[in-house]
Every structure is written in structure tokens, then in C-alpha cells.
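Read through the structures below before going on.
Each of the next two complexes has chain A plus one more chain, namely chain B in the first and chain C in the second.
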Partner chain A sequence: MTVLAPPATLRVDPDAIEEAAKLLYIRALKVLPDDIKAGFARLDATESDATAKSILATMIENIGVAERTDNLLCQDTGIPIFNVRVGRHVEVDGWALKQAIRRGTARATREHPLRSSVVHPITRVNEHTSCGLHVPVINIDFVEEERVLALEMIPKGSGSENGSFLQMLIPADGLAAVKRFVVDAAIRAGGKVCPPTILGVGVGGTSDLCMHLAKVAATRPLGSRCEDAEGAQLEAELSEAVNSLGIGPQGLGGDSTAFAVHVEVAATHITMNPVAVNVQCHSARRASATFTPEGVRIGF
Partner chain B sequence: MTPRRATAEDRHALAMLLAELAREHGQDSDPLAAADTLLAGKGKAGPVVLVAPEGAALLGFAALVGHFPARGFTWGLTLTDLFVSASHRSKGVGRALLRAACAFAREEGYTRVENAVREDEPLPRHFYAALGIAPAPRHVYRLEGALLDRLATEAAA
Partner chain C sequence: MTHHTLHMPCTEADIRKLRAGDTVTLQDTLFGIRDATQIHMFDRGRRTRFDLRGHAVIHTAPNVRKVERSGTNQAGYEAVCIGTTTSDRMERFTRPLMEREGVRIIIGKGGLREDSAKAFQELGGCYLAVIGGAAALETTWIAAIEDVDLDDLNPESLWRFAIQDFGPLIVGMDSHGGSLYRDVQRDVEARRAAVLAKLGAA
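After this line comes the complex of A and B, so read on.
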């Protein structure tokens, strides 16, 4: 009889999570991911409006200044969001992990220091830790990958987060109403969401899942496509429609309204047709740490 | 470019023109709601929107509302906005829209088109002067804001 040895597990120390959370928050606020920089280069190459081109040049210069001077890309430190992906055969204390993320966030805020943008929604009291009730937002998912734990940090700025829209359409409204809602949202958001943006669209699910999908879509790397074929088709159509509006960088006119429209879909109820929009501003910040048996890899 | 009456298909493009208009006037308004209101016009009173299309884009629009009674108890048209997107100005779009407004008035039985412009804005006055149109001898009294409130309160007293 052959006895199979249990697969080795990846053990992740909460102290390492805390350090990573601190590092990622600061890094995300200073260094823009390569896909977003490439997105800027693409828009700059194709923009036909002189004012828009000059605004894009200022934004690109801002990215360079932030990196050269080790400074923040934007004054808005956002609401800290951590997306945690836990692979198979990973040993981690879930409660300790959440506490470690919270401690890392607070330490980044105090020790860097950073402006804490998080307040109690009723008293408006700011604890100056970038933490509060249910904040940092921590989303945990379990994936098939072996012995990996990935921590993605997204500081979600308020200007673009205020550009969030949800409508519980009904099936009789059809896909046409979904498209109309998204373009309406882009117009309503206008320049207030600091375009060029990534327009995240959630289609389906429940009301909360739909909005969550929109957030996932808005924070997805540029160049990625919706895994659902129908969703990918919708992405292409909406990207063209939104970029034909002429909203332009910072809403002052031009071709560069959105880097892309990203769509995420989920199954929904036979009598529902929900759609949500969540906007990511041009400062599409994110940073990640991937824990594997070989060590920790810092990236985007 | 031939101006035509706006349809529901123009909603998003018209909203973008209205957004540009609002931005130029420093107003924070809802351009989609404004577009919906303009496109919902029915009957003689309107509102009516004429647009200047170029492909899928709109270069400008003229917004009109019907007023009654004009001279001889007829219907007249008030041009409430004549707007051309900044990148398409001085290319005859405004003139084309004004001519289209006049043609619409003739076809639909309105006896006049009138437009009040600000005295401190030279461009509209130059626009009409270049077409050989003199201003009508008329003063416009505008009751809005506190003044409107005061008179409304006096009515209730």
C-alpha cells in the first residue's frame, strides 16, 4: 500500500501580511501600474484635441514627478481596499489576516504619514488611521492555484467612487436599456470623475453583487477582457460608445474619455436585469504582493 | 451639414452639447435631464430642438419654445438657446440653425422667431448684425431668484 504524503502547505505569517499591507498602500499611492502608463501613451498618441492632449501631457508628467520625487500621485489616499486570493494548501489564520491588514493600513497612514481619508459616516470623525467600521474593505476569495496567497491593494479615490450608479432594470428593458444606462452614467459623471477613466460595469447578480462586479471591472488591469464572451462583446460596444461622447480628459472635451469600459457579469434572477457602473479615475492605482513558497513578489 | 429636428436617437449627443453649454456658463446641471425635457416637447408650445448633425456627432443645436399670443393672436417662436460646440464655431453652423428655425416657423405656422441676447456679450450681436438683423426695440425684465420670491410672496399676502 502506498501512502501519499499530504501536500506541503504555504504558511503565511500575519506579521508578513501586516508589512505587505503597509508597503502596498504606500506603493499604490506612488507608482502607477505599467498597463495604465501604457494606456496613457495610447491615448496620447491618438488624441486629436489640442486641449485634451495638453491635459494628458500634464497627467503623464505628474506620473513621472510622483515616481522621481517619491511622492503621491494624487492627494486623495482613497478608501483602502484589499482583495485577498487564497490558493489551495495555504495555512493562514483568517482573523489574524484581517487584523494584520488593518494594522498595516494604520501604520502606513501614521508612519509615512498619509492623509487619512476615512471618517465615520454620521459623526464624520476621522481616526487618522485610514481605518474605520468595515474599512479597510477586505474581499477574500479562494482560488485553485497551489500554495499562493495574493494581496491586492486598491486605494479607491472619492471623485471616481462618487461616480457610482445602480439600476435594477427588468428583463423587458433588455440589453438596450443596459447600454443606455452605462452611457447615461458616463455623461452624468462627466468631468467630475477625473477622466480618462476605466468605466466598470456590472451586469446581473443581485444589487450588491452587481455593484461589486462593477468595482471589480473598474479595477481590472487594462488589456484584460471579460471572461464571458457576451460580456466581452458588450465591453467593445460600450468602449466605442463612451469614447464617442467627447467628454475628454478632465471633462474638457476630446477623444480620451475612457481608457476602456470593463464589464463583469454574473447570473441573475429570471425577473431581474440589474446594471451597475463604478468609475475608476485616471489615477488607476493598485499594488500587489504574492506570497509563494519561494518568497514574496511585489508587483501590480 | 443640414439641420434637422432632433429625435430620441440624438439624446446622448444633445446631452453632451448641453453639458458643454452648462460648463461654459459655469453651471452644474444635469444635461441628460435637460435633453430629455427638450426632446419630450409636444404641440405648438414645444420645446422644439433643431440640431446640426455631422455623422453621428452634433455640432450645435437651436432650442425653441412656442409662445402665444404673438401679433394678431398667432403663435410665435422664442429661440431660447442657439449653441454651437466650441470646435465648430465660425463655420456657419449657427447661421444654418437660425435659418432652419425660420424654415420650421414657416412650415409649422409660427409668425415670428425671436431671441433675447445679453447686452454684454458681443458675439450674438455681431452674429445678427452680420445677417443684417437689427435688435427689436424691447426691454427684457427678468424676474428670478430673490426678486421672484419677493413678488410671489407679495401675491400671497
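After this line comes the complex of A and C, so read on.
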């Protein structure tokens, strides 16, 4: 009888998670990911409206000013969201991980300092820690990759988050109603969501899953595509449609309404046809830390 | 399209010269105001010790660092990052800001609605658009945080900033009924049917 040695595991210390959470919150607020910078260059090259072009130029200038002055891109420190992906053969104390993320978030807020944008929804009391009930939002997923733990931080600004829409359409409404809903959501959001945006669309699932899909779509890197073929087709059609509306940067007119429309899909009930829209503003901020046996890699 | 420089506070005559689409650079003084500030001022009857007559307010809640109070810094704060929030949420405060406090200019992003357009026309005010999300740049236009009131609402306090070359800002809504936001909205509505038809969703 052969006894197999257990596979080597990656151990992740909560203190390292706390340091990473603090670092990622601040980094996300200051340095825009390369895919978003490339998105700006692409819009700038194709925009035909003079006012829109000057607005894009100011946004691009701001990215440089933030890096040169080591300052925040946008005043809105957002609602902190952490997406945690845990691979196979990873040893981590899950409860301690959640506490570490809270501590790192609070320390970033106090020590930088950052504006705490988080209040109790009824008393409106601000603890000045960027934390509160169920905030930071922590999403944990388990993936097949071995000995990897990835922490993605997204400071979600309110201007775009207020542009969130859900409708429980029915099967008889068809895909046409889904498309109409997305176009009308873009019109309703107008300039309030700080375009050019990434318009995230969730199709299917339950009501809560549908909105979560829209958030995943809105915060996905530019250039990524929906893994579902039908969803990918919808992305292409809706991207063209939304950019034909003429809302433009800041809602002041132009071709550059959205960097892209991203779609995520999930199976749904035979009687349901839900659609959700969640928007990411042009300050589409992200930062990530990837823990592997070789060490920690900081990126987007 | 004309570029204007306005020293704060300004007069009604200064405002009446501005037309939607013009650009403006502000000098000297600017007040920061936000949702909670205005909810407390107008729904809960609180008053500010600041004289806002003829002044500009910007929809903001800044990132600040606490510092020692001094002769030149009554606030006890210095700027970390000052940017602009979405104005639409504060639509219903435009008229009371102008009627009760004498404010002439509202600065924000995303625009205001028809009631505000009417108030600007009747009372001589305007809306200036700053580029939202460009806060690192905007912060370089702020010389100092001079003073603060209603600071129990921090960060949604009423802030007084010293400014230098604040802009260029775009006149989004003028005192003659003009609104770039209304113009764009009208164009967008006109395009909607063709966009939906192409999607097979008319």
C-alpha cells in the first residue's frame, strides 16, 4: 500500500491580508488600471465632438496629476468591496481573513487619511472607518487554481452606484425587452453616472444574483468578454447601441458614452427573465494582491 | 463661446453675461456643500454663520487631514483630495440656496433639472459643470481650506475654500433658460427609436 504525501499548501497569514487590504484600498484610489488608460486612449482617438474631446483630455490629464502628486483620482472613496478568490490547497482562517480586511480598510482610512464615505443607513452616523454593518462588502469564491489566494479591491463610487436598475421581466417580454431596458437605463442615468462608463448588465439568475452579475460585469477589465457566447453577442450589440445615443462624457454630448457594455449571465427560472444594470464610472478603479508560494504580487 | 473670469462674490449682472456653453474660471472664494449640509440647512432649519450672498457653492465632501488651527487656518484642516459629486440628488435645494442664502452659482457634475433652470432664470443664477472624477486636478485649484461650519456633519460640512484659477468650468445652465443637459437629453430621446430598431427591440 502506498501512502501519498498530502499536497503542499499555501498558508496565508491574516496580518498579511490586513497589510494588503490597506495597501490595495489606497492604491486603487490613486492608480488607474492599464486597461482603463488604454480605454481612454481609444475613446480619445475616435471621439468626434469637440466638447467631449476636451472633457476626455481633462480626465486623461487627471490620471497623470494623480500619479505625479500621489493623490486620489476622485474624491469619492466609495463603498469598499473586496473580492477574494481562494484556490485549492490554500490554508487560511476565513473568519480571521474577514476581520483582517476590515482592519486594513479602517487603517487605510485613518492613516492616509481618506474620507470615510460609509454611514449607517438609518441614523446616517459615520464611524470614519469606511466600515459599518456588512461593509466592506466581501465576496468569497473558490477556484480550481492551486496554491493561490487573490484579493481584489474595488472602491465603488456612489455616482455610478446610484445608477443601478433591476427589472423582473417575464419570458413573454423576450430578449427585446432586456435590450430596451438597458438602453433606457443608460438614458435615465445620463450624465449622473460620470460617463464614459462601463455599463454592467446582468441577465438571468434570481433578483439578487442578477444584480450581482451586473456588478461583476461593470467591474470586469476592459477587453474581457462574457464567457457565454450569447452574452458575448449581446455585449457587442449593446456597446454599439449605447454609444449611438449621444450622451457623451459627463452627459454633455458626444460619442463616448461607455468604454463598453459588459454582460454576465446566469441560468434562471422558466417563468423569469430578470435584467439588471450596474454602472462603473470612468474612474474605474481596481487593485489586486495575489498570494502564491513565491510571495505577493500587487497589480490590478 | 466666451471665456469669463469671475471674482467671488459676484453680482447678478456678472451672471447674466454668461451663456450656456461659455467657460468660466473662478477666483478667490468657493464654498463646499453636500446632501447632508442642505438637508440640515433647509429641512431642519439650521443656519450657517457664513455669508453666502453672491457666492458659488460646489457639490463636494472633501478628503481632508486634521492640522493645528492657526491665524491663517481657522478650519484646522488641510486638503487631501477635493472633487465634485453628482448634483442631481440636490436638485430641490437650488431655489432655497438662492432665495434664502443669496447663492448665485452652483458648481457640480451631471447637471440639474427644470426647477433649477427656472430658479436660475428668475433669480439670476447659473450652473457650472466641473469634470467629475477629475479630483486630483481639481485639488490643485484649491489654495487652502479657510474655514468650516456645521462640522458635526463632517465630511458633509459647509467648507470655505480659498481658490486660485478654479476652472475652466463649462456653463451648463445659464440665467436665460439655457441648459446643455436639456439639449443633450432631447437629442438622446430623438435617437432612441432608431437605436432600439437596430437592436430589434423597437
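For the reader, a short list of remarks on this structure follows.
Keep this in mind: the second predicted complex is superposed on the first by the 299 of 300 C-alpha atoms of A that agree within 3 Å, B and C clash if a C-alpha of one lies under 4 Å from a C-alpha of the other, contacts with A are read in each partner's own complex, and residues count from 1 in each chain.
Following the convention adopted for this analysis, a residue touches a chain if its C-beta (ideal position, glycine included) is under 8 Å from a C-beta of that chain, and two chains touch if they have at least 3 such contacts.
Since the model is a prediction, treat every value here as computed from it, not as a measurement.
Partners chain B and chain C, once the complexes are superposed on chain A, run into each other and clash. By the touch criterion defined above, A:246 reaches both chain B and chain C. By the touch criterion stated above, A:73 is placed in contact with chain C alone, chain B being left untouched. Contact with neither chain B nor chain C is seen for A:297 once the two complexes are overlaid on the shared chain. For chain A, the partner with contacts to more residues, out of chain B and chain C, is C.
Touch criterion met: A:49 reaches chain B, while chain C stays clear of it.
Of the two partner chains, chain C is the only one touched by A:115; chain B is not.
Using the contact criterion defined above for the overlaid structures, shared-chain residue A:188 touches chain B, although it does not reach chain C. Taking chain A as the common frame, chain B overlaps chain C at a single listed stretch, which among 7-15, 43-51, 97-105 or 133-141 is 7-15. Within chain A, the residues touched by chain B in the first complex and by chain C in the second are 183-184, 187, 190-191, 241, 244-247, 251-253. Residues of chain A touching chain C in their complex: 51, 55, 58-59, 61-62, 65-66, 69, 71-77, 112-117, 124, 126, 157-159, 162, 175-177, 179-180, 183-184, 187, 190-194, 237-238, 240-241, 244-248, 250-253, 281-283. The part of chain B that touches chain A in the complex is made up of residues 12, 15-16, 19-20, 23, 30-32, 56-57, 86-87. Contact residues of chain A toward chain B in the complex are 49, 183-184, 187-188, 190-191, 241, 244-247, 251-253.
Those residues of chain C lying in contact with chain A across their complex are 36, 60-66, 80-86, 88-89, 109-111, 129, 131-137, 139-140, 154-155, 170, 172, 180-181, 183-185, 187-189, 191-192, 194-196, 198-201.
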